[in-house]
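Each of the next two complexes has chain A plus one more chain, namely chain B in the first and chain C in the second.
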Partner chain A sequence: MVTLHINGLEVSAEEGTTLLEASRFYGFPIPTLCHLDGLSPYGACRLCVVEIGQGANAKLVTSCTYPVEEGLQVRTASSRVVKARKMILELFLASCPQSKTIQDLASSYDVRQQRFKQEHDDCILCGRCVRVCEEQMAAKAIGFRSRGEKRSLGTPFDLKSEVCRLCGACMYVCPACQLRCTYTEPDKAICGGCANLSPPCLEKNSFDDMMCYMEPCVACEIKKD
Partner chain B sequence: MHPEHIREIIDHHEGGKKAGIISILEDIQAQYSYLPEEALKIVAEKTGRSLVDIYGVATFYKAFSLKPRGKHLISVCLGTACHVRGGPHIAEEFERQLEIKTGETTKDREITLETVNCLGACALGPIVTVDGRYFSNVTSPRVKEIIHKAKAGLDRVDIQTDERIFPVEVACPRCNHSLMDRHHYIDGYPSIRVTVSFGQKHGWVRLSCLYGSFSVDQEYEAPRDTVVNFFCPHCHAELIGASECMTCGAPMVPMLVRGEGGMIQICSRRGCKGHMLDLTGVNL
Partner chain C sequence: METLKTIDNFLTLQARLVADRDPGIPTLIISAGTCGQASGANDLIRIAKRELLSKKLTKKIHLRITGCHGFCEMEPSVLVEPRRTFYPKVTPRDMDRIVDAVAADAILEDLLFADPTTEKRIETQDEIPFFKNQVRTLLGFNEKVDPIRIYNYIEHGGYQAMVRVLSKGNPGWVIEEIKASGLRGRGGAGFPTGLKWEILAGQPNGHGKFLVCNGDEGDPGAFMDRSVLEGNPHSIIEGMIIGAYGTGANEGILYVRNEYPLAIKHLVIALRQAYQLGLLGSDILGTGFSFDLRLVRGAGAFVCGEETALIKSIEGMMGEPVQRPPFPVQKGLYGKPTLINNVETWANVPIIMNTGAQSFKKIGKERNYGTKIFSLVGKVKNTGLIEVPMGITLGEVVYGIGGGSSGKTEIKAVQTGGPSGGCIPASRFDLTIDYESLKVAGSIMGSGGMIVMDERTCMVDVAKYFMNFLKEESCGKCFTCRKGTQRMYEILDDITAGRAAREALDLLEELAATVKDTTLCALGQTAPNPVLSTLLYFRREYLNHIEHHRCPAGVCKSLITYSINENCTGCQLCVRTCSVEAITGEKKKVHLIDQAKCIRCGACRDVCKLNAIDIR
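Let's turn to the complex of A and B:
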């Protein structure tokens, strides 16, 4: 067992567990987007940052990938951590404003607007779908392609994958596109916060490039042309 | 594209079990100038990795192309030094004259234009390379000339044949007398005999006539890195051309290629492997 301090409280944790797991176990909430129990830690969304160390040596690390260390001083909600999370949320809002998950998280951190160029992407590249496809479904039908600003998600050559079993796990775990994939529960599909007041699947044309790998989509049963 | 051919390439890399994906993809790209979709599927199947991984690697690196490329590749450097010296203007001029955008290939599949971030020759900027040959201090009026040279085939041999080693028969560019020595064989072919001088020494040297082979037989062993003067053993004229070695800067030694016509140039520095073959003879 390893002994460490989380927000001043002396706690002990099994060696090999992450700061995120330890903090949540002792009841300190940490917001996450790319993390999902059962999938390998990824550290992509940066929302789970916590502050470790003292004084000038203090630094921000992603708690989902950082293992517990003996005598570590962890602060899960210091002003520096909250400031960093707010900035990250603003960046998420700038790229994927229509995601209910992101809207809810932003709201809980009192982020009401963002200061960057507004885009309307449908992916935050959190890699949840890639990992669920590989690790839980053992399919590896989708993956990351290209790099930098052109990085995107999808099947090789954008063709229907031969190894995809249409399980729908990728859409189920997606924090950004799930709004679109809840047609069967229209109440959830309407977030009320933005201008998007109709279930998106009904306006198929405006969602031409929806991040849906299924043909037909199992959730909305609409065939892509 | 032949599936068998791709399989052979993978087998060269121990069946892809140990070797990296990148070197396999590099070899495929060297053969076909791009990565065909079918080839990636075969690589995935043979190496036991998933197509997603292979595709991810192939799209991640800028060196790989999934679209067919032209016969010739023009790379315009837009690194910091070339940028401030007018690299973007050069790139624009290429786009205008070739009527394509950066990253595209001309309709006749002749030329692919791309920009790169540094070619490592910043002092000579702006730099343009055509099929690996450097053009330094490029100005927009020279763009037309470079396109012309690219189309004429600076490096036609490298692209048309996979085997880069083949025999050539050469003659003195001055007196057109054959330089081949049919009595002495190197690498199983008649050798090329010329006279050389360096320092106080003056003697003969026999070179392998295989383009791409660097086997030599010489009267006096020239120390590494010395620049040697080459002479025709028949008319005694010095074999010296106007161009310099792309690798080390020493003068190139030109010789006529019999048969196809054209020029072969080898670097005059002992140990330097700079050489070029120009079958249309436009590069001199």
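Let's turn to the complex of A and C:
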């Protein structure tokens, strides 16, 4: 067992657990988008940053990837952490404004403005779908491509993957828009409280970067032509 | 090529090579690194060979084709030993004259290097200010050895350090010696090399350990590692063998970016020769020590210079950094302890083992010992690769070695450390070059890029350039790095186009701080440096763009207009130069620029001899 301090409280945690697991176990909430129990930690969304260390050596690390260390001083909601999370959420709002999850998170952190150029992406490239496909479904049907601002998600060469079993796990774990494709009747589908009244798969033209790899879509059982 | 089975075999070979050498024979040394070949060194080599053969001089004059000597501005250059005569910018037409002159033991006065200020001809390389003010411990080898001939390297003391280490038979001593030398990682962060080696040596050796040479040099305007890899590949191989012996590693990987074809070619040859000679492989020189070394080519991602991303790349995965701890030295390549050092760090190892830690410490300053190679580029007279002792001031480098501004205006700043570094203004050129001082000044040592800028460089534009580079080269894993660099670029783009309000600066600073704080690897953590350092030292320029919609350097095209003042004598030079025919005017009368047609390229300003073109 490792003994460490979380927000001043002395706690013990099993060696090999992450700061996120330990903090949540002891009741300190930490927001995340890319973390999902059962998948390997990835550290893409950076929302789960916590402050560790003292004085000049204090730094922010992502709690989902950082392992517990003996004697570590962890602050899960210091002003530096909150400031960073606010800016991250502002960046998220600027990129994916229509996600209910992001809207709720931003609201809970009292983010009241968005000062960047507005974009309308769906995907935040958190990698949950990639990891669930590889780790839980052992399929590796989808993955990341390219780097930097051109990074995107998809099957190799954008062709229908031969290893995809149409399990739908990728859609199930998506944090940005969890309610997408959940209903069989398009006019009754409520997608994330956003402006879309129909599942995006029906309007493929207006959603070029749509994250749906199902063909036919088994979730809502609508065959696309 | 014979295989050396014992240490005695090696010493006999070395003694024979040294005895066979006659230093009195004149040698033509042609610098043929990538820069030399690009400027025509291959033609010179061909002509020199033909001349030597046709004039039957092959016994009397030797020819040595080497890597880059460093003076890129003067390529292709020819150096003649033993007089050390230096001929810069040699044209194919002059090559036969040089051969004749060497045969007659004469000097061609008209081809010698001319001092740019005094116009005086300088005969030997060592008297040229560019070379005189350097300490060329590593680069000095480049002119001595032909990179594709291992005997050449051995003849000049190569692999001697390795043999010394092997015959001593004490790995602990190797680490102590490196620790005592105070060598710090030349990749930029400056981690003590000896300490890293000690940690690796302390790791349990159940399933093997790896050594990696990081040759993924991706900074714009930096080519230090390339020149060492091209010019002296054996020094890195030797350094890695010594490192393996000291730390107990049994496998090594040279990771070199595929954009360096010549470096890869030379390394492949060097590796083959070292294996053939028995300096790599199993039971090296009969000591029972084995070390295998192979080459892995990088696929061209800047981020793969980061050590955890580099490991992913070697493993065949996407080049994405992962969380440290665990550090690679604990759990690295294929989950085994892995030690990663920069090319230059490895090249320093044989030098330390040859001369001893104490003599290595004589160069440099407290806690920053030894020399550092920089690629000095930008608006200086002498661009090229320089090697200086640490602790030298920026001013000495820029004015002493670089020769000052190459343009019409004064030098304004120098950018160190590539896209992760910052801009240091001329007012702070008394700053010494060492890991700590540069960090305090808001920049970093980095791997050694040094870009000099003059008054005609817009600092907002510079920050924008680096942000453009980073937004494309970020791996994209961390949201804050991917989006943060992209958003910073957008804001900078707005500023340079005159679209930004004053609040943009606050947002820029806030965003830069968040990106610095919340990203995983060094790429993201240092990505805001170009913005933050220019904001710190050149805030006035930013404000000029925002409030007055003016670009003082005359770079940002949306904010400037060109006009012609009364200095114009109507010489028509600019009229003929303008590619869009925007300038009109009769001879001997003041010309006029049509603003609607003008594309603000600045060509007229460059050709005008009377300073008649104004930028506003």
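To be clear about the criterion, the second predicted complex is superposed on the first by the 191 of 225 C-alpha atoms of A that agree within 3 Å, B and C clash if a C-alpha of one lies under 4 Å from a C-alpha of the other, contacts with A are read in each partner's own complex, and residues count from 1 in each chain.
We take it that a residue touches a chain if its C-beta (ideal position, glycine included) is under 8 Å from a C-beta of that chain, and two chains touch if they have at least 3 such contacts.
A quick note: this is a predicted structure, and the numbers were derived from the prediction, not measured.
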Chain B versus chain C as contact partner of A:Val49, first or second or both or neither: second
More chain A residues in contact - chain B or chain C: C
Partner chain(s) touched by A:Thr62 [first = chain B, second = chain C, both, neither]: second
Partner chain(s) touched by A:Phe144 [first = chain B, second = chain C, both, neither]: both
Partner chain in contact with A:Phe28 - chain B first, chain C second, else both or neither: neither
First (chain B), second (chain C), both or neither touched by A:Val163: first
Chain C-contacting residues of chain A that also contact chain B: 143-144, 146-147
Residue ranges of chain A touching chain C (in the complex, touch as defined): 41-46, 49, 59-62, 65-67, 69, 80, 83-84, 87-88, 91-92, 94-95, 115-117, 124-127, 143-144, 146-151
Chain A to chain B touching residues, read off their complex: 140-147, 155-157, 161, 163
Residues on chain B engaged by chain A in the complex (per definition of touch): 37, 40, 50-56, 59-60
Contacting residues of chain C [partner chain A, same complex]: 301, 303, 318-319, 322-323, 325-326, 470-480, 482-487, 490, 503, 507, 510-511, 514, 517-520
